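The structures come next, written out as structure tokens.
Below are two complexes that have subunit A in common, paired first with subunit B and then with subunit C.
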Partner chain A sequence: MSASQSAVRSRAEAVKVSRTFDWMILFTLFFVVLGGYHIHYMLTGGDWDFWTDWKDRRLWVTVAPIVSITFPAAVQACLWYRYRLPFGAVVCVLGLLLGEWVNRYLNFWGWTYFPVNFCFPSNLMPGAIVLDGIMLLGGSMTLTAVVGGLAWGLLFYPGNWPVIAPLHVPVEYNGMMMTLADLQGYNYVRTGTPEYIRMVEKGTLRTFGKDVAPVSAFFSGFVSIIIYFLWHFFGRWFASTDFISSENL
Partner chain B sequence: MKLLKDKVAKLSFVALLAASSAAMLYTPTAAAHGEKSQAAFMRMRTIHWFDLNWSKEEVKVNDTMTVTGKFYVFLGWPETVDKPEVSFLNVGIPGPVFIRQGSWIGGQLVPRSVSLELGETYEFKVLLKARRPGDWHVHSMMNVQGGGPIIGPGKWTTITGSMKDFVNPVTTLTGETIDLETYNLDNTYFWHALWYALGLAWLAYWIRKPMFIPRSIAMESGKANTLITATDRKVGMAFVAGTIALVATAMTSTNEKYPITTPLQAGLLRGMKTVEMPAKTVTVKVEDATYRVPGRAMQMTLKITNNGDSAVRLGEFNTASVRFLDSAVLEDTTGYPDDLLAEDGLTVSDNSPLAPGQTRTVQVTASDAAWEVYRLADLIYDPDSRFAGLLFFFDEAGKRQMITVDAPLIPVFI
Partner chain C sequence: MAATTESVKADAAEAPLLNKKNMFAGAALYIVFYAWVRWYEGIYGWSAGLDSFAPEFETYWMNFLYIEMVAEIVTASVLWGYIWKSRDRKVMSITPREELRRHFTHWIWLCMYGIAIYYGASYFTEQDGTWHQTIVRDTDFTPSHIIEFYLAYPIYIITGVSALLYAKTRLPAYQQGLPLMYLVAVIGPFMILPNVGLNEWGHTFWFMEELFVAPLHYGFVFFGWAALGVMGVVNIEVQSLSKLLKKDLA
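Coming up: the complex of A and B.
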């Protein structure tokens, strides 16, 4: 067979090779994204995602969406511009959540015995589905950034509320009031994570009474729009193919 | 060629077996908390722990024990460490082998960070409930923002029983009694599984059709518009609308189920009650201090003046949680950890009772292997080569008074 000849001999064989290629790329993409996104999110979101007593109405709501829209934006840009495939955000979050659950179950619980109800990851899936859906329906990166980025920030807190609300039930403990999440943080000793490291409920957002979560979510959404733009350019750059002219060699 | 391949395969197999065996057969327990690695000046010149007591040495799962004692916040706090204005009373244990049921400073519960004053002494208590069986080193510990963890003495404690039996019942302000060990677990798994399944469904819809090569060819040949069908758009709309509806419904039903929720609690606790220590009637001036490296001994020349009305003797020098005792004056009956106790480690050139109004200059030697074992000798490599500690004097009635010392230390290498 010469270099100019096709590697396949029939259409059926071409389809088979193409599908094999699909699964290989998808498998590789999934685990590369799982690793990269997981490290990125642990380094930037870290404790806010690890512990229930960090999942507050202000900083968790603000920080987690901003630092987590990065990989979805980049992978979405790559898959959309090259293949018109609108599952970049979902595949990222599927990979991240799988990696996080493996980590939380085997490391946090399996090695160090922190209860899973204290160290489960945040749920990013509602935002990811909407982000991909808007990409599909609008076909515009600008629209996806503005509407999808905002939705990413806005859906985060309500998307997690069914899981964390039971842990925000108050309890009286030795004469002080705290939430069950606070109590988890106090009961289950973290030698290397003293209480003052917690960045919760800090800030100057005091004019909205108790309803600070929606304001934080809006702010998070606005910043997510900017971060989406930035990271989608990374994705486009990564997905581009350039050739060097032989004259320049 | 085949012979070579077989040899490589065999050698690889042997290497794999050797690596697995090495990993499985030698697995020592990592039980320490880095207490010996912490800079010596940090342990000598920040928080001085004393009068420590571990209520039990063996405890069953679900039973409790306490760690009690006092700590003195050293007045000569090093400049290189942030002041303890934001501190947290902790315990040094390998993960949640116990749960912390309570911790108090001066009788006040301290689930949050506290502000401590230099030169003050505080009483503390930590109540621990046994959770995971094993032998664990239980330390007192103070985390200081900008300073790091300042670990106190540790004692081995054994937990017996089975972790499966552990329970952590809590009654909420809404009247419900729950087991915090397993509370909300099914709910967490349910919501994560549901959303993960929805994500997989979205992915499955797209990957059932040919993906990368045919779509890439279509894109490059200008047929991008043909790649998204009307059905695709309908499915997309259904997913977006369904997601928003599910989030809204789940939030509403959660609010109905948990109508009373409060934000996480945070904030600094100030004004901790201090311990009134007995009035000091003894003054001590450190004339000089040397550390003899080959002999593992620290020698101080102290000028001691007794301004009280009862004769006193020096019984103990306590630094970095290591206690050097003169057994003729003081014997430990508290079960203090052996490795931190030098029962005859304190030698005073003249330790006869110092009468009221009298001044005496004495040579005090604190010698024990603990200087090396606990790496206190590394003090000579610290950026601020000073030593510090607590001296305990005892009068004729057995009353104790605590005097702090803080002075430069000169190493002697020959």
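Coming up: the complex of A and C.
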């Protein structure tokens, strides 16, 4: 190929073009992953994420990490193994949190007037940083799945504790004992999820009292390990560059 | 000397590699339009959208639905028709610089797809959740559905298919067949729209409440996963761009 057939006129232009593509790729990846991750998360763990009176010590702690480790595992499988970029999980979680916060503020509050301290999203950032950190330091999918996946489940409740703790304070209301979060739920009636649908602390586990959250977190971490493995391989498939030839159509 | 002057003149007259004006105008189009839609929801959701049997519901919401459906069919036909009709029939013989320019244009389309997917799958889908907590479901065509299912979803479908068509008709990298992950990234989210049929059927005959994690919604989840196909598209593009730029970046 002669110089006149080069796509760029100079090395400086080549560098500029390359950087510009980097930003356009990152922008697209961020928003498309945001869309896919958000629709996945809101429809597999959303009700626990929407309302404080669903954010209990058992099911929220169990469900949210299991369903949310999916996209971070898949995006890590592409960004780390192809480009050695150690921020797949953080990109996913930043996208998800941006989508959620914009919506909770502009729509949950701005359209239907649920106060933001009743419908703020869960915080997944500590687990994402640890997941990417382990991938960066270990460079191993197996290590990230086992240690990172377990950490993802275990860190979820402590990572949210500073925000949710004030709302788990017990109160007495009309002779009944409940949490402040429960009281928010009674005051903000929701036609789509009436009380008989709310899934919080059902079963016998809570009879053991204070151990509910750690046991749930540990179980969640265990399942997160399995889900990480599964979604890592989904991610590799989604990152493939295969073409279907015309004869096969 | 004369030849150099001519070359400089030619460069100055040449179209830029990245048409930033088109990119920002495209982004502004989506953002301003959806800001207007959100304003419309805010005003007419409460004043005319609570009772589907009321005459004002027909005026402000059902007419909105009819107009948007016609507009979407016309837009898709014209846009896809234009991209196909104006395709390059000698795509394998374009210069490397022209190929680079087309990759930039292709990425403008993909950036627009990112914006469109954000509004469809994130903003208006979760917004639907809060609307269902506020009104009693008395129709499949509640205001949030008229925006989410029948406006925001078709818009990202139109945008995604346009991006795919652009790549297929103008870029040499896509002439070896149909890119599997591009199809997944575009057709998967497209399938969310037909899945509305299952959703509305289920809610109409079986499940009035709006439990978001109900299995009835898992179809949306499954097709939402297909958005990850964008990683395959990124990888195809990076391979192509590396071929174009590698020599100059070395």
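The rule is short, and it goes like this: the second predicted complex is superposed on the first by the 232 of 249 C-alpha atoms of A that agree within 3 Å, B and C clash if a C-alpha of one lies under 4 Å from a C-alpha of the other, contacts with A are read in each partner's own complex, and residues count from 1 in each chain.
Criterion: contacts are C-beta pairs under 8 Å (C-beta built on N, C-alpha and C of every residue); 3 or more make two chains touch, one makes a residue touch a chain.
What you are looking at is a predicted structure, and each value in this text was computed from that prediction instead of being measured.
By the touch criterion defined above, A:18 reaches both subunit B and subunit C. Once chain A of one complex is fitted onto chain A of the other, the partner contacts of A:182 are limited to subunit B, with no touch recorded for subunit C. In the superposed model, A:28 lies in contact with subunit C only, and not with subunit B.
Applying the stated contact rule after C-alpha superposition, one finds that A:44 touches subunit C and leaves subunit B untouched.
Of the two partner chains, subunit C is the only one that A:36 touches; subunit B does not reach it. By the touch criterion defined above, A:114 reaches both subunit B and subunit C.
In the superposed model, A:194 lies in contact with both subunit B and subunit C. Once the two complexes are overlaid on the shared chain, A:105 sits clear of subunit B and of subunit C alike.
Under the contact criterion defined above, the residues of subunit A that touch both subunit B in one complex and subunit C in the other are 15, 18, 21, 25, 82, 112, 114, 190-192, 194.
By the touch criterion stated above, subunit A contacts subunit C in their complex at residues 1, 5-11, 13-15, 17-18, 20-21, 24-25, 27-40, 42-48, 50, 63, 71, 74-75, 78, 82, 99-100, 102-103, 106-108, 110-112, 114, 119, 190-194, 197, 234-235, 238-246, 249.
Residues 15, 18-19, 21-22, 25-26, 53, 55-57, 82-87, 90-91, 93-94, 97, 101, 112-117, 120-121, 123, 125-126, 128-130, 132-134, 136-137, 139, 155, 158-159, 161-163, 165-184, 186-192, 194-196, 198, 200-202, 210 of subunit A are the ones that touch subunit B when the two sit in their complex.
Subunit C makes touch with subunit A in their complex at residues 11, 17-18, 38, 41-42, 45, 95-97, 99-100, 103-104, 107-108, 110-111, 113-115, 117-118, 120-123, 125-127, 129-137, 176-181, 183-185, 189, 192, 209-213, 217-218, 220-221, 224-232, 234-239, 241, 244-245, 247-249. Considering their complex, residues 33, 86-88, 90-102, 109, 111-113, 131-132, 141, 143, 145, 149, 163, 168, 170-174, 176, 178, 180-185, 187-188, 191-192, 195-196, 198-200, 202-203, 206-207, 210-216, 218-219, 224, 227-228, 232-233, 236-237, 239-240, 243-244, 246-248, 250-251, 253-255, 257-258, 260-266, 268 of subunit B touch subunit A.
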